[in-house]
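In the two complexes that follow, subunit A is the common piece, with subunit B as its partner first and subunit C second.
== the complex of A and B ==
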């Protein structure tokens, strides 16, 4: 069989080295956790079992509700054309880069004790709603994951070939026939996968549970790790709970992996709406109502917090600005590290068995729970140095590791496409090594690189996970500082910090994403 | 100039076998139906495919296992001859230096080469800002600049209409008169072959079934070549 040489050998060698390094940095902490964990299931107390149960129940409810609401919204987006449809779809991508703590504070401003909803209910002499506990955690998770569910399901809808839809039109299908022959199979194919992905995301959710959960009835495993760590400083128990979390992640992850093949994130969402056969006035009104409700649900909390917080920005204490500066530096460092690691690894995977590599990347992203990796790193570092003094570097490292799979998912297909379209010409001109990278490959990677770096930066900027484990006085990042302001009932300052945090996260994402597009190839 | 000794390439259940000798300065048309092995033969000479048996000798040197860029040849593909993200100047300059670090002399060579194909002053543009014919000229300019003794053309200028394509082939012929390049042109249009070549090779199912002067083949066995007229 005819064969081909690998013209990016040394870049790929670096990629192999980095891949090994990443595996060590993930498996090392996991191993440390496993070795430190108290032996056997006997170590699990009743409270821990309650945490496991709560984790699974809230994740299942969140996934089910997100998908249930996403189906009509996705259907409306798939079959309607209206002004602002593109903006609407873009809005569905925003929660990826919105800091969780900002989202939660927005929900509090709408649904909290003194939020808009309860004010209205009180004015009408009705019973108020309580956002803390299970209902609050699920509400926040639906807020954060509904857009993802909509995007995943919409993608399947838009993948229906227009020839097939024309065929349905020529056979004069009614709405009922469309549901039977198009929508039912399409939903059967996508909804389980989408639900499992969201279930998985919700099992590792920490910040939401930290703010809206707590107490014996509403503690997730991740929150229990944090409590064992911060309040009891019981490393053995934290490690044991960490192992439990790894088990939950892997179980849900493997399950999701079986169902989610082929469901990606970005592509194909900008196709125009299909003319859907069997349309009626009732369907049009229903679609409009769903779109309006979803938009209100997603936008009102953000508007609420922006309205309350903008005025508070000028009066923010110095500590908030210092935390903001720290967070920006941390985000930039973490993004640099993530990009440095991702590029050679992406080129390595793209040049070799790409499919298997992609699946490995997926598995990696499923297995990583930042809090568990953080716990493991703490245990490792604890032996030789003061982990608290290293809180910022460790946070940056973990954030980079968590962002890595997203970068790889964006880069690998682009690198494969670049080799496919430009590789032969580059070969013919003898472009190898650095020249090939600079002139033939990198220009084609600018967009995904900018996008991935933007995700990494926004993620690091808004992260409230590992930093909460390690934090010491004077080392706060902006999300942590905001959380402290909340805890101290300085709501006004907290909302100001939320607006600042939101602006910085979206701003960093925009800068990187924009940078990738300016003068980009294609 | 180019010699193939018992070359054999296997791709799935398709096998190409070729032995031939092309003297310096010859212009050979490689003809045959789709799937006859034209592109495979060119890919083997270029080094995109490594032979299962036999040798590829260029200029007396066995290059059977040399990398694509190390073989003393240039290639023009059907399309995709230019990097869309690089300027016209840089696209041509890649023919001199993969690193694009050019001294003043080299820069002048690039400009001269662009002038030779009638594109003086177009260096700063991106390929997308050029017509199809102009893009082909850029590829020609780079080919000239590389000064490789052998040039392989795999159904080049396929995006151009037939008239413009033949004009481009004629320009290629004129430009190569000065350099004495050896040309190997894969085509399924006999008139393209006539515009440039003096010898014809006919491939059928991976085998060379005809190899002689183009004029003689036209006179002796026009029926064989008729399908491509």
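== the complex of A and C ==
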């Protein structure tokens, strides 16, 4: 292995340098936060404990509900073959790259007091549902994470080799037997991991809590950091809360890391999937109902926001278009930065130089919340320059760091596969350095690179986090401008901006993802 | 000292750059969101002041009232702002204590506030009574905080850390109920649909139908009556009295152009500014006789008791009141 890593040595040197840089960019602000928190030293107040409790409770509820709903949907997707199944699975990916603020406004249109659901409930003389506070935050998190849960659990289902299913068929397994011998172990192995990943994502939730939470009863730690910063301008307090957030993230991150592992059903010959034994008409109807419900839950808010906003796009004020332009540039810049950092690091990790330690870098950036890094960078910059003037570059930097783990996850397996399949041939041809990278490795990385860059661009486009922390007038990104329009009760313009934002996010993702596929042999 | 240095610098610059000084000076005024909207007082005030000042007046909106203060502290000496407009008396002591403010030289003899005014740092521009606003078809409108807490009315309030109405409500409850304030807040907790960062968000939610009542002002129904010709809104009269808000402006210690800032404060009390206030900011103007208020304002409720803490007292009880509020609402 080590000898095969040789020909890309200088790339790996750059990778090591970048990995170090990323670690510095994450640990530097963290250190600044830690030092400042000690200087604050007031200790945690009752309201801070309430924020910690709320963060954990809502994340646990969101993770549990997402997984609970995902199990029947994933099962239905695994068992059924129907026209549009691929499109359905693709749709499952959409909320993941959807800007959070767009998702929330869609949910408001459906579940708000004057939304469709409550209109119907009122017409039926039933109690209306409340979208603000805990229930709203959990609802939004389930909306955003259900697709991820379905995908994670579905993968486990699809990993069952069809040989095993054939064996079950020949043993005349009924539904009960399938549950006992296949589904129970499969779920036991995947659901805890999926739940923990979602739990981790939800503990760093900011935009959802900003819009649907607020008030001491529904404040996440991330939101409390923002409030300490923005409302009280209490940097010591923001830093202290930042440390709490790091603790929560690291705890959940380490747990997730330990639990996320494959299921041992053995390998098969990748024969086409067989019908699941013990399949009754009732099971078919049940599966159909779950698929229909999940599709309605995921699609209705998007349809609502599109229907409300599409007519408003042409009349949007100039400020929205300016913000959109700013957001596109920001997304492109942070994607470029993320890809530049990720590629050498991925090649380094794939070269098995120092695997565990380096994957830790990716994990670290997943575990350190954007708001904490933002706060830390603010504290660092504040001493020497005006952080408000630098809000866009700082946002771009943090966005790139947040996107890094996703890029690494996509790139590392592909880079390893490329070395494994093309490495010997390249050795035999004496390909080294840049030409080896160009001819043997990069073509194999195009697709994951395009996909990862698409994710990074969509994230950056839709991000409403660090920019909210220290933005000034004239520096709004599109999500922030949309939030302001909502706040100023210019609902129509806000809905128009939502449609624009959604189109830009999905469009950027599509462009990059597509770019990765062009001319790709695989 | 600062004034003197500024004058010298300005003189020096004039001599050095000569013709370049023909560039119009810029007066930067930090204010709250709803002040500088197309339907707020901002555009009219800007046009009127620029007619007389030979300057460029720029409003910068930075969230709700209390958020302006934290923005100024965040920017410190780097701030571009010359004037801050939109703090209220609950926050003025904090702004002065933070060393942000310079003294003003505005003549405040003609003020029409319900209380006397002698603050050396701030000049009031409008005032109003906080009140819960509701639609007139609401049944069993509460007439006190106890009644509100006992009812199942759904209310939206603002965060006292970012919004002056939110902070005003804190002071109001404290003023009326004193040591019983925590119990009142615990009783109100289940009535509160959500807590918004600013007044605009809260009022928007109320109009969208997310709540039965919203914390606003006794003057808010006038907006619906005059601008929308809709008499369907009213403010709930509380028998214990209503807390008074006096909105103020002041010159920043770091102002680049203190003379221009001072002339803006003087302009603020002139009819050109004051007459715009009732039908754009929907508050009572600080220096305009009652008979010059627009028709429709006479329909508004007039609280029998006006409650207010002096600014230093408000500052002294703010932290404790905030902690009470947070503790009661985070249960």
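To be clear about the criterion, the second predicted complex is superposed on the first by the 488 of 522 C-alpha atoms of A that agree within 3 Å, B and C clash if a C-alpha of one lies under 4 Å from a C-alpha of the other, contacts with A are read in each partner's own complex, and residues count from 1 in each chain.
Everything that follows uses one rule, which is that contacts are C-beta pairs under 8 Å (C-beta built on N, C-alpha and C of every residue); 3 or more make two chains touch, one makes a residue touch a chain.
Bear in mind the structure is a predicted one, so any value in this text is a computation, not a measurement.
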In the superposed arrangement, which partner chain does A:444 touch: subunit B (first), subunit C (second), both, or neither? first
When the two structures are overlaid on chain A, which partner does A:231 contact: first (subunit B), second (subunit C), both, or neither? second
Touched partner set for A:120, first subunit B, second subunit C, both or neither: neither
Which partner chains sit in contact with A:434 here, subunit B, subunit C, both or neither? Use first/second/both/neither. first
First, second, both or neither for A:215, with subunit B first and subunit C second: second
Comparing subunit B and subunit C in the superposed model, the one touching more of subunit A is C
Have a look at where A:422 lands relative to subunit B and subunit C in the superposition and call it first, second, both or neither. first
Going through subunit A, the residues touched by subunit B and also by subunit C turn out to be none
In the complex with subunit A, residue positions of subunit B that touch it: 9-11, 44, 46-52, 67-70, 74-75, 77, 80-86, 90, 94-95, 98-100
Subunit B partner contacts - residues on subunit A that touch it in the complex: 1-5, 7, 421-422, 424-425, 427-432, 434-436, 439-440, 443-444, 520-522
So in the complex, the part of subunit A that touches subunit C is made up of which residues? 45-47, 50-51, 54, 112-114, 130, 132-133, 212-219, 227, 230-233, 386, 388, 470, 472-473, 484, 486-489, 491
Report the residues of subunit C in contact with subunit A in the complex, numbered from low to high. 33-34, 37, 60-63, 66-67, 70-71, 73-75, 78, 159, 161-162, 189, 192-198, 200-201, 203-204, 207-211, 323, 325-331
